[in-house]
Each structure stands twice: as C-alpha cells, then as structure tokens.
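Let me begin by presenting the structure, written as structure tokens, before commenting on it.
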Amino acid sequence: MNVRDLARRALAARYIWAVVAILILLAVNLVRDPGYLAVAVNPVTENLSGNLLDILRNAAPILMIAVGMCLVISTSGIDLSVGSVMAVSGAVSMELLSSADGAPSAAFTAILLALLVSTVIGVVNGLLVAVVGLQPFITTLVMMLAGRGIAKVITSGQNTTARNETFRWIANGHVLGFPVVILLALAVVLVVGLVVRRTALGLMIESIGINARASRMVGIKPRGLLITVYSVSGLLAGIAGLFTVSTVMTVDVSQTGSAMEMDAILAVVIGGTALAGGKFSLTGAVAGAFLIATLNKTVVFLGVPSSATPAFKAVVIIVICLIQSERVRGYVSSRRRVPATRAKEGVA
Amino acid sequence: MSERAPIVEMRDISIEFPGVKALDAVDFRLFPGEIHSLMGENGAGKSTLIKALTGVYRIDSGSITVAGEPQHFSGTSDAEKAGIATVYQEINLCTNLTIGENVMLGHEVRGRFGVNWKATNKVALEQLARLGLEGLDPTKPLASLSLAVQQLIAIARAMVIEPRVLVLDEPTSSLDAKEVESLFVILRRLRDEGVAILFVSHFLEQVYAISDRLTVLRNGQFEGEYPADLPRSVLISKMIGKELEAFRSIDMTAQASSAQRHEATILDAEGLGRKGSIMPTDISLQRGAVVGLAGLLGSGRTELARLLYGADKADTGTITLRGKRTTLGSPVAALDQRIAFSTENRRDEGIIGDLTVRENLVLAVQAKRGWMRPLPRKEQDRIVAKYIEELGVRPADPERLIKNLSGGNQQKVLLGRWLATEPEILILDEPTRGIDIGAKADIQETVLKLADEGVAVLFISSELDEVVRICERILVLKDREKIAEIENGPDVTSQTIVGIIADHGAVVEEVAS
Amino acid sequence: ACGNGDGSDGSTDAGDGGTADGDLVTVGFVAVGPEGAWRQANEQNIQDTFTEEAGYELKFAPAANLDQASQISAFTSFVDEGVDVILLSATEGSGWEDSLRRAQEAEIPVILIDRGIEPDDTSLYVSRIAPDNMEVSSAVAEWAVSEFPDGGRYFVLEGPAGVSVVNERNEGWDAVMDDQPQFERVGAQTANWSTEEARSVFETVLSSEGNDIDIVFAQNDEMGLGAALAAEAAGLQPGVDVQIATIDGTQNALEALAEGRLSFVAEYNPLFGETAMEVVEKVLAGEEVESYIIVPSETFDSPEAAQEALPNRQF
Amino acid sequence: MRSDHTAAVAETVEHQDAQRRRWGALRARLLQVNPSAMPTAAAIVLFVAMLVFGEVSYGGIFQSNTLSNLLINNAHLIIIAVGMTFVILTGGIDLSVGAVIAFSSVAGVMLANAGWNPWLVMVVMVAIGLLFGLVAGTLIEFFNVQPFIATLATMFLGRGLASMLSTTPERLADDSPIRLLSRRITLVDGPGVNDLELTAGGIIAVVVLLGGFFVLHRTRRGRTTYAIGGSENAASLMGLPVRSTKLMVYMVSGGLAGVAAVVYTSRLGIAQNITGTGWELDAIAAVVIGGTLLTGGAGYVLGSAVGALVLGLMNVLIVRDGGINPEMTTVITGAILLVFVLLQRGVTMRRSDL
C-alpha cells in the first residue's frame, strides 16, 4: 500500500468531494479571519476552544443520526422520524431530570429511559416496515408527526428545563480540555462501524438494499435485519437528542431536532450512499455530517443574512452534487469514458 | 448475397470497460434478408456489440453505418427510428404494466381521445398471435407470466415496429422446442421479406438450423465471418480458441449415471401443492441421484422447485426429509436443511447486482453462518478462487461488480454460490440458461460429479436433451400436474418425453417407472 | 319539531346568533398550537377561562406546523359549523380578508387574539386584544440606549425570516436604534426561536467578533438563554461582559434575570383570557367594544425586579 | 300472433341475457381490475367512511358549505398532489413544491404590484414553476443527482430566493384580476353561508386532475411515466424516451406548483416567503394515501386527489371535535394516517393473497 495507491483509493471514493468542500469552506472562513483555525486554551474555562472544536461539537448530533440514516438508506429505506425521536429523547430526559434532584444517578436513569423510548420508536418503525410491509417513507413520516406529538405530550407542551451537572457534562464537559461530546460521538460511530463492517451485518444490509428478493433466496432474513436497522437508527437519534438537549439543558419540543432528518439524509447522500439503497459508506456519512456542520457554522461566521441562508446552502449543495456527477468529472478528466447509459440497474 | 450492400456495417469497434477490453476492433456486417448468428463464449462480447450498435454503450472507436449512413445512436429509441428493433439478453419489460402495454409501449394506437386502448390491445393481440400466444389476455398484468412467456412478449414487442433489422440476443434461452420452432418459422418469414436478423444463441443446433452466416467473436476480438456450413468442430474451435479435445467429454457422460440405481431417499414429498400454481405432486430425491423435471413452458416446474425450497409456502402435502417430517417455511429453513436452489430468474432473484463477484459467491454461506460469524477473508478468497477456477468465470476478477459480468458468467457465479454451501440437496432451475457450450459441458459434469459425491440433485431444464443426458429419473409435468415419472435408460430420448406430453389427455394414465 | 340537542344541528342555527348547545356559548378558537412557552401560557389561559362552568364550549383548533393554510381551513370550518364566536390567533397577519368577510356574512363575530391583521381593516373584526410588539421591542431598545449612553455593538437573534412577529419586533427596535448612531449593529441571524440554535449561532458570532459584543437583543426568551449559555462557554460573564435582553418574560427568563445571566426582560403578556371573555360577553350582548385593546406589559430590568415578580409568575 | 309473441318473448329474454352478460362482464372487469387499483379504491372507500363518521359524530359534514370548502380550501393541495403523482410514478420525489410556491407567489405579486399585466403575471408564475422543474430535472437527468437531493436543493433555492425578494407579506391589490380566481360562484344558495359554491381555483384543481388523468392514462408520455417507475433501465432499453419524460415530470410538478401558487395567492390576496412550508410532505402524504407506490410504477392520480381531500377532511374533523389537546393533534394526525395506510395495506394484502 504505497502513497499513490492510497491517493487513488481516496479519489475513487465519492465522499472525497465532501472533504474537499469542507476544506474550501474552511479556507473561505480563513480568508475572512486568518485566525479562524486557531485552537487555544481559553484562559477562563481552561478548556480548548476554537472554531474547529465548535464545528466538531455541533457535528455530534448530526453524526449520530447520519450514521443511523446511512444504514437505513442502505436497505433502500428512509427514516424521517429521527428529528422527532431526538425531541422525544430530549423530552423524556428533561422531564425526568426536572423532577429529580441533581444526582448523577438521576442522569443515568434519564439517559437510559430516553434511549429506551427512542429505541422503542425505532422498533415500531421496523415492525411496520418489515412485518406489516408499509413503505418506509410513509411509516417514518407518520412517526415523525406522532413523535413530535409524543414529545409534546411528555412535557405537556412546555419547553422543559432541568439542572443536572452530570447530564450537562455530556455536551459541555471536557476531558483533558477536549469536549466530551465529540469523543462520545466518535466512539459511537466507531462501535457502529466495527459492528457492521467486522461482522457480516453490513454486507447483508447492503444485499437486501440492492435486491431484497434475491437476498431472501440466499437465506438472508430481511425482517430481522430491517427491524435491527430501524432500531439502531432510533437509538442513535435518541443519543443525538441527548447531545442536543444537554448542551442547553432545555428541550424545545417544537424545535429540538426539527428538520434534522434532512440534514442527515443530505450527509448520507453527499457521503456517497445512494438513496436507492445498496452499498453504503459510513465514512462518507461522517464526512457529510462534518460538511453540514461546517456549512451551518460558516453561514453564521460569514454573517450571511438569515433570508439568504437557504439560497446559500442550495448553491453549496448543487455545486457538490455537480462535482460528484460523472458527467462533470468526465469533463475534468476527459480520458475516462462515460457510458451513454448509466449502469444503474432497474431495482426490482 | 454479398454483392448487396450491408444494412448494418460496424467497423473497428472498440469498447473498454474499467479493467476489461470488451470489444477490440471488431468488424461486423449484416445484410438485408439474412439471418446472421453472432457466436462466442460467455463474455466474448456479443451483448456488448449489440449494445454498441444500438447506442446503449458509447463506442471508444470505430464507425457504425446503417443503410449507408453513418450513425451515432444514443439509445434504443434512436435505433428504433432507424428501423432497428432489439431484444436484449436480460428481458427488459415492465412488470408493473399489462401484457398489451408491454408489447405496445411507445407504439400505442392513438385515437381522438388519446390512446385508444381497445385498438391498442387488439394490435397487441395480433402481434402475440404471430408467436402463437393468442391465448393471452393483453389486459392482464405482465407479472403473471413466467419468464419464458415474457421472453416471447419481448420478441412480440420488437416486431411491432416492423423493423428492417431485428436483433435478438439469446431469445431462445428459456424457450422449449415448440416455441423455438414457431419462432424460427417467423424469423424465416421475416428474412424472406427482407428483414436482416441478428441472432445470438448458445445452442449450436438452433444456430445451424436458422443461420445464413456466422460471425465469431473471441475474447472481444473479431475471429471471422463464415457461411453457415462451417463444420461444427471448426466453429467450436474458433469460438474457444483451441482444438476440440476438451470437448469430447459431453457425449461420454451422456446417460452415464443411469447405470446404477440409488435407493437412499433423502427427501420425499407427498401431495405437495399450492393453489393456483401446482397441483398436489409426489416427488422423491435420492442421495447420489439426478432427478429431472421436464415439461413445457408454464408446466409448473419452477413452482414445484420453489415449494421444495420454501421460497413459496405449500398449501397441501407433506415433506419428509431424512426420514423426518418437516415444513419448509422459508429459504432460511431450507438452507439449514442443506437444500440449495438456483433460480431461473437470474436478474430478479439471483444476482445482487451492486455487490462484487466475491460477495455474491459467499453470500449464501455467510447467510447460513449468520451475521455474527463473518466468513474470514482468507476463507472467502479460498472459496471464490475455487469456484472461479472450477466454473471458469471470466473475467476471473473477484472484485468486479457482478452486474458487469456477461450473462453466462453471472450464471456461473450463482452456481458457485450454491455449491459453496455444500448442499445435500441441490435444486437447479435452468442452470445452463445462457451458458456457452463449453461451460455447459462443464456444468453438466459438475452436476454429475456432485451426484457421485452423494448429493441429491433436482435438475430442471427446458433443453430436453440435457435432461435426458444427465438425469436418472425424469418427472414429466404438464399443466401444473405431474403426468409421468420415467426411469431413464438407453431407449429414452427427448422424443420419448415429447411423446408423453403430447399423448397425455389421450392416454389417461401413463405408466410410472 | 324534533329536538336534537346534541349540537349536530349547528349549521341550521348559524346566523341567528343563538346558542346552539343548550346554554353553552360555542367559541371557536383558531389557535397557533405548541410554539413555545409564551404561546403555551396564552392558549392555556384562554382555555382555562372559557370553561363550561363559565358557560362556554371552547372548540380549540391549533394550526398544523404553524401553517396558515391549516388555520384558514379551521376558520372556515368554524364558520360552516356555525359557532357563536370565533377567536382568531393568527400565525400570520395577512391574507385573512376573505375568511373574515365570510364570517361576517354568517354573522359570526370574530375577535383577534394577539396577532392583528394586515391591512388593519377594523370593519372585518370586532376587536383585537393583544400586547403591542412594537412597543415591547422599543422598550428593549430604550433600555439599551439608557444602559449604554455611549453606544455599543449589538447583535440581534431573530426568529425565522419573514414571520410577522419578527418583522414587528425588528421594526420596534429599529425605530429607536435608527436615531442612535453611537450603536453599531454587528449583525442579525435567525436562531428559529430555539435555545440550542441560539447557542450555536452566538458562539460563532462571538468567535468571529473576538468576543466584542456589548448587547444581544434576543427576540424571545429561549434564544436569549441560548446566547447566555454561549457567552458562558466562551468564558464571558453574561450581565457583565455582554448584556442580553429578551422579550416574552417567561419564568425561565426571569429566573435567569434574577441570577444576573440576562440583563433585561420585556414581558409580552400572554394572560388576557379574562379580557377576552369580557369582550365576548359584551359582543354577544350587543354592546360596543373597542377595536384594539392593548394588554399592558411590564419590563424587568434588574435581578430584584425579577425576584419580586417570580413568585406569582404563571408562565 | 303466437309466433309473434314467442318472438317477442325470445327477444326480451335475449335482451335480458345480453344485458346480464354485459353486467356480468362489467362485474368481472370490476372485480379483476388491475390489483394496483386496489389501494386507490380503498382510499376512496375510507374517505367516504370518514365523511360518514364525521357526519355521525359531529354533524354538519354533508352540507353544501362544508363540502364546497373542502374542495376550495384544498384546491392548491390537489394541484400539487397531481404534480407530485407524476414524479412519484417515475420513482422520484419532489421536495421543492412548497418552496416553489413561495417563490412563485412572492415574485408574482411583486410583479403585479410593479404594474405588470396580471394575466401575464399568472403566466410568469407558472413559468417560474416550470423553470424550477427544469433545473431539478436537469440536475437529476443530466448530472445524475438523486431526486431527493436535487429537489432538496431547489427547495432551499426557492425558499432562499423568496426570502431574498421579500420577508414581509406582499399584498395584491383588491381589484387585481388574480383575485378573481377565488371569487366564489354560488351554485345553490342555501340559508346563511350554507351555499354550494365553487371558485375558479377549485375548477382549476378539477381540470388539472382530469388533465393529469388524461396524460397519464391516455398518452404515450403517461405510459412511459409508469414504465420508468416499473424499471427505468428496462424503459430505456425498450426505446422509450426516458430522459425527456423524466424532465417532463419534474416540469409538470414545478409547473403545477406554479399553478397552485396562482390559486393560493388568489385566495389569500397576499404572498409570503414562508408560504408552503411543509406542503411537500402534505402532497407526498396525499399521494401515498391515494395508493401510489413511492417506489413508482403503480398508482392513480385520482387517488392523490382523494388523498388531498382526506388530509383536508382530517383537519376539519379535528376542528369539529374541538376538544383535542393541542399536544395530541400531531399524534392524532399521525395515528389517523397510520390507520389509513394500515387499512389500505390490509385490503391490498387480502387481495393479493387470494
């Protein structure tokens, strides 16, 4: 494995363009402020601080849901409920903490319960898709509506605030000056990555995403796999919810996690996983998540007016999509031939 | 004939896919009023040449002339406008639409209020009638048809535009003798009307029966253009690029296994049936025996096999496996019982297109082990290397996506997939479909070898010769019902079976065994 | 002469202003639904006021996703059904003329809660009861002017671009600030009314401005609290290094004010259910009512003021 | 005489026979209609069931004004649901419709206020929709961007451009001809406001629906749309104009979003950058409720219109109930949707299991 090989492999990966886009955005910010990339110890809080760390911290929840979404999309499904599950998880934990004392045990109970509820929602999604045979889009759309309602019911519509130092530490704590939440997020990603790639889970998920009928004939049980995948997505969305509410120790039932499903889907697709399902790239989803966090931060850093923000994002997305497209790449490296017809296979 | 100007002339055509030179400076000429067979092994580049002609693939170099004019088609529709109708190797129809629509899509009869469905279906039915399918109801969904009939539908579709050039890529791969004969009648008539026909098939008899001229490709290269009276042995050696030696084995193995009888029943099904697909049927399989299922299209062979594998649930009947009553509710259960089933529907139920050859090969083994116990990479490589070598998959690159393999090579990979599970019962539904003659012999040999090792094989094929050649017992199905079960012997030929099928109805009970 | 008292005959009684459901007056409340603490308090207050004991049947119709289209269809449905009075708490001020005209045709009086309509055609409704957004945000600006006589650098955390509250609160603030050249506007960003977004936005703003922000004008409490968290995380002390002013006056905000984390809270008083009921009663009795009843709102500019108000805080 | 009589009897018998045969054939045809029509049929049945349920529990559903308003208030949703059906039939999706409506209406009203001819303005509004569809279609077809992402991008673009034009409501003059589209035409004058009414907007919705049905079922383009949804690869190998058809469906969806913008703007008299947030999901839900498969290839545009009406009726019923806890409304909406798709699934499952 020499450097040339590595470089070639990297270029072949579709998510390379997400990385390039991140670098470009960072460069733009750097032009705006030469000290942008500096990471320094904050004299008051004695923790590391800097824009890069801010980006990483903000990427943590997106990272979680993007990883879950990546697996779901790979089975040729979709999970629109992740944003609402975030709200549910936040609501459960905040409601519990607001009526408890500030003891660490309360925090652990809250975390466990929140994750349990989130996973249950995921399981329900999975059952509806795999056993009842509903379409993933509509199933999770229903769950997106119902989930936000459930969050509101849990807090009786209030934006619940709570105090608990242990819980707050998740998103605000530091280990050796480094934000805990990033470490947690990366650890979760690593675990998921290892589980799907070191076992045959990933291969089987891809297989049912590409051709469910053929997979069944091979002896793969799509049902169990689908339920697992949706549950994992629910669980990860629950974690994302915890990350989000613990930053501000408030759950905002109508805002927490709202429209986050779009961010997650975008991250996954920019990371090179096709929405039609099949081969997935967790690394790509991670890169996509970082790109979205960087983009969000850049918009604010550059002071793009609120009214122009969506257009700005649109332009960035379109540009990335164009760069990723075979056609444009064909123009760039004109040596490669482009088949007149896409190799896209009609999915049965 | 050669004085006339060719209607299609392809010169110096090259196409390169990443890692494979699929076509390398190939020339091809097609004249009006001829049936021209394109010959070559699996992966020789036949389908690619056809797709180059119709513009599905863009050519890297070379020129295409149709009726004297240089052309650069950008897809089937362009080609159709120039009078070239094509039936591609993998049946490309829309299963969500009706039969009539599939025949007529893009050529619907239009009236004052848009498409006139009545007239459209009428024309569709006329086209179907030309192929002897007048019994079909054009308003029924296509999905209700078996693969073979779908293949005929695709041909009917191609003839709707009254083409000047008709391209048929392995149109007969799932047809039986009767259908082939009626297809040939039509092809001959079209030829006499001046249509140029490009024909691809791995059945030499068919090629010789219908062709006027041949073009042989080997490894993506042009081997030569010959009149159709080329001796078989010469043709074969041109295709495989070596002398015929390796080839003898086919005849030697013929009916070799019928010498001994096998008694060790491993699977015994009684009254196995499913409403609407197959009547209650008895079937038993023995260790070391190859049992054949013969019958015409839609006779229910596939259906029976699916019940044995648990792909469909049986409504009636019992299965006794190794002496124990079992129910096979799903493929998983069947795999656990060391049953393997290679489907006839390669594209929809076989290959997992976006996975590599390696992944496709090990998938069944992996599924048996469960996701928790991944097959170590070394083990995977061993299995893959073994079957790529044994079955002669080309290109022998395990990391290539299976969808980019030629049809025949995909079939070989699928066979490898099932062999890798080391089954005790192997159900093969049309395993040699689309396989070149060399490889076909290899596969037959493999099947016999497996039987010798004690595997019980259920062998389904539309090619009766093949069934007769390697099976020791043959079940004959007709209209989704078992009508006979015969012991193979020196006096049994494909004609015997045809006779049984034809006589059924006249003679009520056929002697069993 | 068949008496069906289950109310299914509502439509036939439409127009005669009578009370279809026995003695109860049917009030249709076209509401906004869960949006934040302020809205919650406001709508709960109205629901608690128009009770059956008080002689009302309140029909509550929250908007789906804050979408005006769903409010319009709820409104139409109330008209079709023939309720006695409609309370309209619009998500958006404009585009209501046709619906209001239809209510008029059906002789159903409409009372606007909180949000006014644009253009303000007072003939289309009976009365509007609301605190004044412009006034409230001007109060914040005036506080800023008095607190920073020499001026300063301020940043605005807004709601979603294009929502009328945002426009009004901007307008009220700008009306004051436009005459104060010593103030420098660093920028304005939306944080979608949300604490966590506000925190994220403000942390970036602080880093891009090198922590050099004097005043934050947060258009609701939630965003103000987010800004405070961001400031703390950056090692600043809110109230000392940066002053944060918010609108709404929810309990959380007053607590933060009492702790000194916020510097100024302008109340936007949601508790006017009683007033609304009085108006309804007058209207049904055929009396005249004022076309705009401004709900008085307070401002809190010190921890002490907050401490004092906290024990009786209902929202 | 006798023979005459017998002849007459025979004739009647024959006639009856023929009729019975015709009826039999019709029944048989109805029973064995394409199984893909089942979900749509289920949707229609369930819609009627909902109407009856509403009438029984709350009353005032089967009355002229409620029914008229159901159509008038949901005209814009029906229109975008028809467009969405085209896209979804090909297996794609269009998330941009809501944002396109926002941009098209804001731009339209601003142009009208700048003194442009109102009729021209309406054309421009539709053209803006077409343009957005063209952009999305181009991204999808020529640059191989996935529909979800391409239309997400055009959604951001539409919303962003609308916000850049104006963040305050843009008002249409009261006498603007655009407003005419929402003038209520009374068909049956009932007591009070209980009239059977119709607006030009409602008529447009019906016309769009019929047009959509015609295109999908009676033109080659329409059938190609279905074919693409069945298998895009097969459709292109069958020589169907896949590219232009895919471009077309996105333009249809965009163009109809433009039409919906005209209809909605006319009804409200204002245009705003935040109009239409989340409508894409409503439209998709309507299409799915109407029995169209999100994977494409099966479904009916009529079902989508029913789906849109179901959503509208659901809101009416929630309003009529009036006692639903606000926190619970989304849960209930979700639950009703779920029950709906479950029932539909139940019906179709039993059919296909036969």
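The chains carry the letters A, B, C and D, assigned in the order they are written, with residues numbered from 1 in each.
Note that a contact is a pair of C-beta atoms (placed from the backbone, for glycine too) under 8 Å apart; a residue touches a chain by one contact, two chains touch by 3 or more.
Labels paired with UniProt names: A = ABC transporter permease; B = Sugar ABC transporter ATP-binding protein; D = Sugar ABC transporter permease.
On a predicted model such as this, the values are computed, not experimentally measured, just so you know.
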- Query: Which chains are in contact with both subunit A and subunit D?
  - Reply: B, C
- Message: Comparing the two chain pairs, does C-D have more C-beta contacts than A-C, or is it the other way round?
- Response: C-D
- Whole-Å separation of chain centres (CA-atom averages), subunit B against subunit C: 71
- Message: How many angstrom lie between the centres of subunit A and subunit C, each centre taken as the mean Cα position?
- Response: 34
- Item | Averaged-CA centre spacing for the pair subunit D and subunit C, given as whole angstrom | 35
- Task: Let me have the rounded angstrom distance from the C-alpha centre of subunit A over to the C-alpha centre of subunit B, please.
- Result: 44
- subunit B residues touching 2+ other chains are 56, 75, 92, 95
- Message: Please output the residue numbers of subunit D that touch at least 2 other chains, ranges allowed.
- Response: 163, 167, 230-231, 233-234, 236, 273, 326-327, 329-330, 333
- Message: I need the residues of subunit C touching at least two other chains; which ones are they?
- Response: 34, 160-162
- Every chain pair meeting the contact rule: A-B, A-C, A-D, B-D, C-D
- Residues of subunit D that touch subunit C when the two form their complex: 58-60, 63, 65-66, 69, 73-74, 76, 163, 166-169, 171, 174, 182, 191-194, 264, 267-270, 272-275, 277-279, 312, 315-316, 318-324, 326-327, 329-330, 333
- Which residues, counting only subunit A, touch subunit B once they are in their complex? 198-201, 203-204, 206-207, 210-211, 213-221, 225, 278-279, 337-341, 343, 345-346, 348
- Counting only contacts in the complex, subunit C reaches subunit D at residues 6-12, 14-15, 28, 31, 33-34, 43, 57-62, 64-70, 72-74, 76-82, 92-95, 97-98, 102, 105-107, 118-119, 160-164, 166-167
- Query: How about subunit C: which of its residues touch subunit A in the complex?
  - Reply: 34-37, 40, 158, 160-162, 187-190, 192-197, 199-201, 203-205, 207-208, 222, 225-226, 229, 233-236, 252
- Item | subunit A residues touching subunit C - in the complex, by the definition given at the top | 32-33, 42-45, 49-51, 54, 58, 152, 157-159, 161, 172, 244-245, 247-248, 250, 252-256, 258, 296-297, 300-301, 303, 305-307, 309
